[in-house]
Each structure stands twice: as structure tokens, then as C-alpha cells.
Amino acid sequence: MITDPGLFLNAVVAGILLGGFYAAVALGLSIAFGQLDIVNIAHPAFIIIGSYFAYYFGAHYGFDPVFTGILMTPFFFVLGMVVYRIYYVSFERTGQESLSGLAFFFGLMFIIEVVLIMIYGVDYRLVPASYIGMNWKIGLVDFPLRMAVPFVVSMVMTISLYLFLSRTFIGRAILAVSQDRQALQLMGANPIRIKQIAFGLALATASIAGALLIIIGPVEPSINREYIGRVFAIVVLGGMGSITGTVLAAFILGIAESFVSTFAGPSWAPAVAFGILLVTLAVRPSGILGRAS
Amino acid sequence: MAERILDVKGLTKRFGGFVALNAIDLYLEEGERLGLIGPNGSGKTTSINCISGSLFGDEGSVVFRGSDITRLAAHQRTHRGIVRSFQIPRPFRSMTILQNLLIPMEYTAPHRGGGGDREVEAREILDLVGFAGRANDNSGRLTQVDMRKLELARALAAKPQLLISDEAMAGLSTSEVDEILGLLFKLNERGVAVIMIEHIMRAVLRFSQRVIVLDAGAKIFEGTPDQVVKDPLVEKAYLGE
Amino acid sequence: MKGWGFWIFVALALAAGFVFTRVSNNEYYFFASYIVLQSLIMATAWNILGGFTGYVNFGSAGFFAVGAYTTIALQKYLRSLGFDAPLPVFIVAAAAIGGLIGLGAGYLTLRLRGVYFAIATLALAIVAQTFISNWDYVGAAKGAYILTPDPPPLFSSYVKYLFMTMLVLGLLALAISRYITQSKFGRGLAAVRDDEVAAECMGVPTLRLKLISATVMGALMGVAGAPYPFFVTFVDPLSAFQLNIAVNSIAMPMIGGTAFWYGPLVGALLLGTAQEVISVTISSEINVLLVGVVLVSFVILAPKGLVGLFSDLWRRGKRDG
């Protein structure tokens, strides 16, 4: 079966498209955890909020989901800044990050999930968009648009973010704040303010990632838990502090899941992420491109 | 010729592409006072991390009292008599001063031939460092110099044969430096060999019988305190205090 | 709490519980008490690792479910051999399996930073859920039915027997937790929690202590889950692995106070009772939301829990007064 060229090729392409999408999902955590050392396990839950915004505006106003995703980024940005503020005041300042910080985000994740269930119930929600059912076929390979569109949007977002981080002052300050706080202060930038902006940025990506998620498939509140493993697997595999590593790892995960799904069955796909995560932690915790801590 | 209790040969440690230690040789005789100095980033802390077990070297060997301890975990090395204090003090903040001492007393002293009343021994140590009557003070809110004293008190409670003091005097006033120095001398009088890492030159030169100078991961000088101050390489490598 | 004081408390609790089963016939009270006791065991178990060492376990539901499914699988197997084993057999088996899994999970992950351990526990819980959802022997995703056996002598209904069993197990969990805090092992754990690097350098075998902690936690959580199939009579992965259990296991110790063995007791009694009351009077969804909100609030406002808060005030009062 694995030698069937059509099946093989499709698995690869589907994996690449999926990996591209996973990059969008993991980007926010790469910033929060990779750069700022904030273990935001609620990040996938915030992404689901983004999905529900896309659903709401799509169902009631006919907005295209990508449009909604972009539209809501300021809201998510501000939300991120607020959440960071609370986190900083409660935990970072007092050095309590490990236990309390984790419990804080775990509680947040839980609250988000429950509130969504209370408002929308546990049924799957879809978003209507013209391109969702469409499919391009090039030779042996299918390019379902519900995967291709998120891939393109995700790549655009990733590249923009990468450029922002490496070319602008604020962007480089964000990269620097994880490495040398004092130097940053000497340069006249306030590390707390920088971290706040960075976390806001991280959550802003959730807005778009959520919109992409609901394009790919229907969404219900507890899906966020499937993605916790995926995003952490990606960030850990890619290496802490490396955006490039995150993107690389996203593609690796996407292709791995696609192959497992195609040749062993889709019910095994969630296990791939956790398997990769556990193996990486056991063998090379610093990841592919990570700094040795 | 006194017996060598510590013998480090060819110790090399890399962090990615950065070579922190380059084939360092180092020895210590019983009861000796060794000063370890060098500019920032020269590898002092890395070398003592490899000796105490917080890090493992990539190459080379660490032999203590005749046994190869190169791959032993840190707590096992402590059980054998190598105790270190930390540059930035690390008290057990939820515990009192006395409870801080109890940890090494319960976990290390039995391996070091401990016996005897713990309460009595603890009071003795507290008296020695000047903490008499403060046994039940919370350790989380001490002054700088008190935290350094607690580090040393805790190290003492582990009945060390070799004590590694990592910049125990950084940031202290002159009189406080003398206080800590006095403590280290007292410890040494009891037969504890000491490796002292310090930037405060007058303390190192007063305390050490022998000095090793590191720079960029390599040993550039070894000799008596009198010799060290005259060596041009050392002067060049780092204009100390 | 002095030695004899604790054991008097245990004796009184056991006596009161037993009398309760003879005197009352309101099944609801026994149901509700069972749930609170179950949370107590889970919270106490969680705290042995999470509170005492600072390594946060997000996958508590996984260990609980392992206990429950050990009962289901073992009962089915023993029945196929012709044996009808009593509940204590399953409790012991669940303790063994839960402990083994705690040890294994710990061995894989406790050498890393606490953060990675926490994420790994979440991952393992989901892996366990996937595995069990595909295991036909125990009913897979569809679930399994358990028949309620006849109650043993002295108990007029099986629920009363389950209640009494959980009471005994709950007190046992508290006794173990209390013993740990007063032992050399517990002091070593506190050193690990305060500063693991310093503890290691002071001669504390940190990895070994963490592994023992994880094993005890796993065993106790398995024990909490073992009677569950008999309590609900129908078990499926969704209910056994419910996130609610994981959140409660963290929320209750944090509310009560993680540094003390009776912190989870305070948290379980307060939060557990509050949940039952709200569930019945307002709605079960608000109840679930409540736990999350309470957890977040306490983590922000009172990270040492109620006991920690009171002991700080007490100490401040003594100093100033």
C-alpha cells in the first residue's frame, strides 16, 4: 500500500498543507513559551475562541472566516496584554511561576472550555465559506482548498511575524528579552512592556489560527485538548526560542500525522504528537534548533 | 608530601560550540586551601560544577580520595565529602535556619560517619557562624551576609572533607568579608580542604596556600599568592581588584 | 496535629461513618459523600507530588481511569476463571497498577524541568484515553456495564458499603500524607520543592524521592478509581477521564493549602460540598465553571491556600502581639 505512488504523494502533500497550518497554531506558543518562558497551556483554548468568533460572524453576518480572524486580532492582542499583566503581577514578580503559573493557565483553559460549552453546547460547528468544499487536482495529487487556504494564510502570517521579529526594534527586543534582560534595560526598553507586547502578539496569532482551524474542519469546545499535545510537541521538537525550529517541527509533525493517518488509520493521529513529544523530551530536550539551556 | 584528595585530569566541557573548559588539570591536597581565580567566563564555576556533580564533563576524569567520581550524581559526591556553596545563595526558603541544617544532617551526615545528637551538633554549627539563638528564624528573609553564612553553615552540617566556596563574599562590605573569611579559616582548621573562588583579591591572597588562574577555559598560572601577583600573564588576563 | 489527636480523629470519623450507615436511609447523602471522599483521595494523592515537590500533574484523570478500568478488566478476567472477587481485591490491584504507571511516567519525565513533566502528564492521560477507547475487552469507546453485587453483611445497601470503603480509603490517604510530612522523606521532598539544585548538592537523592512520590500518588489515585465502576455501574472513557477530575485534584489542594497534609482535606470538604450544593440547587454546568473560577482566583489571590493564609496571619499576630 505504501508503494502506491498516488497515495504516497497525497499523504506527503496533505502532510505539508497540514504542517503549514500547524505552524500557525504553534506560533503563539513558540513566542509565549519559547521566548517568554510562559507555559500557556490555554493557548489552544484561545485558538478555539478564535474559531467560535469565525463561526459567529460567519453564521450571522456571512463574514469570511479569514476576514474575521484578521478583524479580531486587535481584540486578542489586548486580551493577551491583559492576561500577561495578571500573570506578571500574580506570579512572575513573586517568582511563583512554576506551580501557580501552570495552575493559572490550566484553570483558564478549563474556564474557556466550560463557558464555550455553556454558550454553544457540545455540537460541532462549521463555518460556511465558498472554498471549503472545493478541490484542485494537479496530476495525481489533490489540493483540497479547505487545507490549501489555511496553508497560504498561515505561511503569510508566519513570514510576516518572522520579519517583524528580526527586522523591527520591538521585534528584536522581544527576541532579546528572553536572553538578556539587563542589556535590554540598558538599551532603554522596558522588559515588562516588551513581554506584554510579545504575549499580546502571541494571542493575536490565535485569532487567525482559530479561523483557519474552523476552515479545516468542524469545531467543538473540547478540541483544544487535542491541540495541547500538538503545539507543545512542535515547540519542544523545534527547539525553544527558535521560530524557524517551530515551523520546521510543524511540518515534520504534519507529515508524520498524515502518513500515520493514511496508512494506519486516522484514530492514531493524535498519538503521533504525544509520541514525538515524549521521545524528544527523552532523547534531546533542547529540540532541533533550540538553545542548550 | 600530603595526600591528594582531589585529582582532576584533562577536564573538558563544551556548551554547543563553546569550549568552557579545555583539558584542565587540577589537584588538591588534604587540608589545603586553594584559590581559583580568573576573569568572568573563564570557566571557574563550570569547573567546580563538574567537580561537585552539577554538570558532567565531556572528557577527562575527576578522582576523589582514590575513587573515580566522574559519572557520579551530585548527591552521591556530597555523600563522599564534596560540598559546595552557591554563588547566589539558595536557602530552603520555606524552612527555618535550623531546618535548613537538618537536611544535610539527615541526608549526608550518616554517610560521613555522623552519629550523635543532631540538635547539639546543629547548635554548635549555629554558634560557630554566629547564628546563636536564631535557629527558628525563617530563612527566606535574611540579609546578604546572613544568607552566605547559612550557605556555609549548611555546608558544614554535611561534614565536608572538601568545601568549594563559590564567591561567598561577593557584594559584601569589608567587615563582612572578614567575617566570612574568618569562618572559612575556622573550617579549614578543622581539617576541611577548601577551594575558594573569589574576585576579592585581598581575600584570596590572604586565604590561599596555592592559587590557580583560569582564563578562557585554560589554566594560565599556578603558584603561591606571592608569585601570582607578579605574573605578567595573569595581569594581562585580568586586572583584578 | 499530635499523634494521638490524629488517631482519635480517625477513630471518631470511622465510628461516625458507620453509625451513619445504620441510621440513615437517604441514599443521596451516601452518594454525595462518596463523591466528596473520592475527591479527597484524589486531592491528597495529587498533593503528595504536586504540593510536596512542586511537580504539577495535569493527568490525574488518567490515573483515576486506570484504577477504574483495572477493576473492569480484572473483574471480567476473574469471572472468566470462575471467581467473583470482592472489592478489596480490585483496590489492591488498582494500587499496584497505578503505582507502576506513576513510577514509569516519572522515570520518563521527572528528570526534566517541572514544566515538561506537567505537559507530559497531560499527554500521557490522553494517550491512556486513546488506548482504552480502542480496547474492546473493556468496552472501548462504548463503555462497560457493571452489575452491582449484593452488599456484604452489616450494610443494608451497596452504596453504604461503598461509602464506608471510601471513608476508610480517605482516612488511609490522609494518614499516608501525614506520615510523609513528618518523616525524613517528607523533609527531603520539601527541600526538593524549595530548591531542587541545592537539595541535590546537600545530599538529597532528588530523583529517587520524586519517583517514590510519583509512585505513591499513582497508587492512591488508582485506589480512588477502583470502586468507581461499582458506584456508577456504567463506565466509558469520557466519564472516567473527565477533565473535571483533573481540575478538582489541583483546585482542592490549592484552595486548602499545598504545603500541609490537611490542605487537601480542607479543600475537598469546602469545594466538594459547595459543588454538590450548587449542582443540586443551581445547575451542574455552573458548578463545573465554579471549580475553574475558584482555582484561578485562589492561584492569583491566595497561592498558599486557606491554611497557608491562616498560618501567615497567625504568625504575624504572634509577632506583633
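Order as written gives the chain letters A, B and C; numbering starts at 1 within each chain.
Please note the rule applied: a contact is a pair of C-beta atoms (placed from the backbone, for glycine too) under 8 Å apart; a residue touches a chain by one contact, two chains touch by 3 or more.
Predicted model, so just to flag it, every value in this text is computed and none were measured.
The minimum number of touch steps separating chain A from chain C is 1.
At the far end from chain C, in terms of centres built from Cα atoms, lies B. With each centre defined as the average position of its C-alpha atoms, the distance from chain A to chain C rounds to 32 Å. Our note on geometry: chain B versus chain C, Cα centroid distance of 43 Å, whole angstroms. Touching chain C in their complex are the following residues of chain A: 39, 41, 86, 90, 96, 98-100, 102-104, 106-108, 110-111, 113-115, 117-118, 222, 225-226, 228-229, 232, 236, 267, 270-271, 273-274, 277-278, 281-282, 285. Note for the complex: chain C touches chain A at residues 50, 54, 56, 58, 108-109, 112, 114-116, 118-120, 122-124, 126-127, 130, 134, 243, 247, 250-251, 254, 258, 285, 288-289, 291-293, 295-296, 299-300, 303. Across the complex, chain C is touched by residues 52-54, 73-76, 78-79, 83-84, 86, 90-95, 99, 102-104, 106-108, 111, 154, 158 of chain B.
Interface residues of chain C facing chain B in the complex, by the touch rule stated above, are 184, 187-188, 190-191, 193-195, 197-207, 259.
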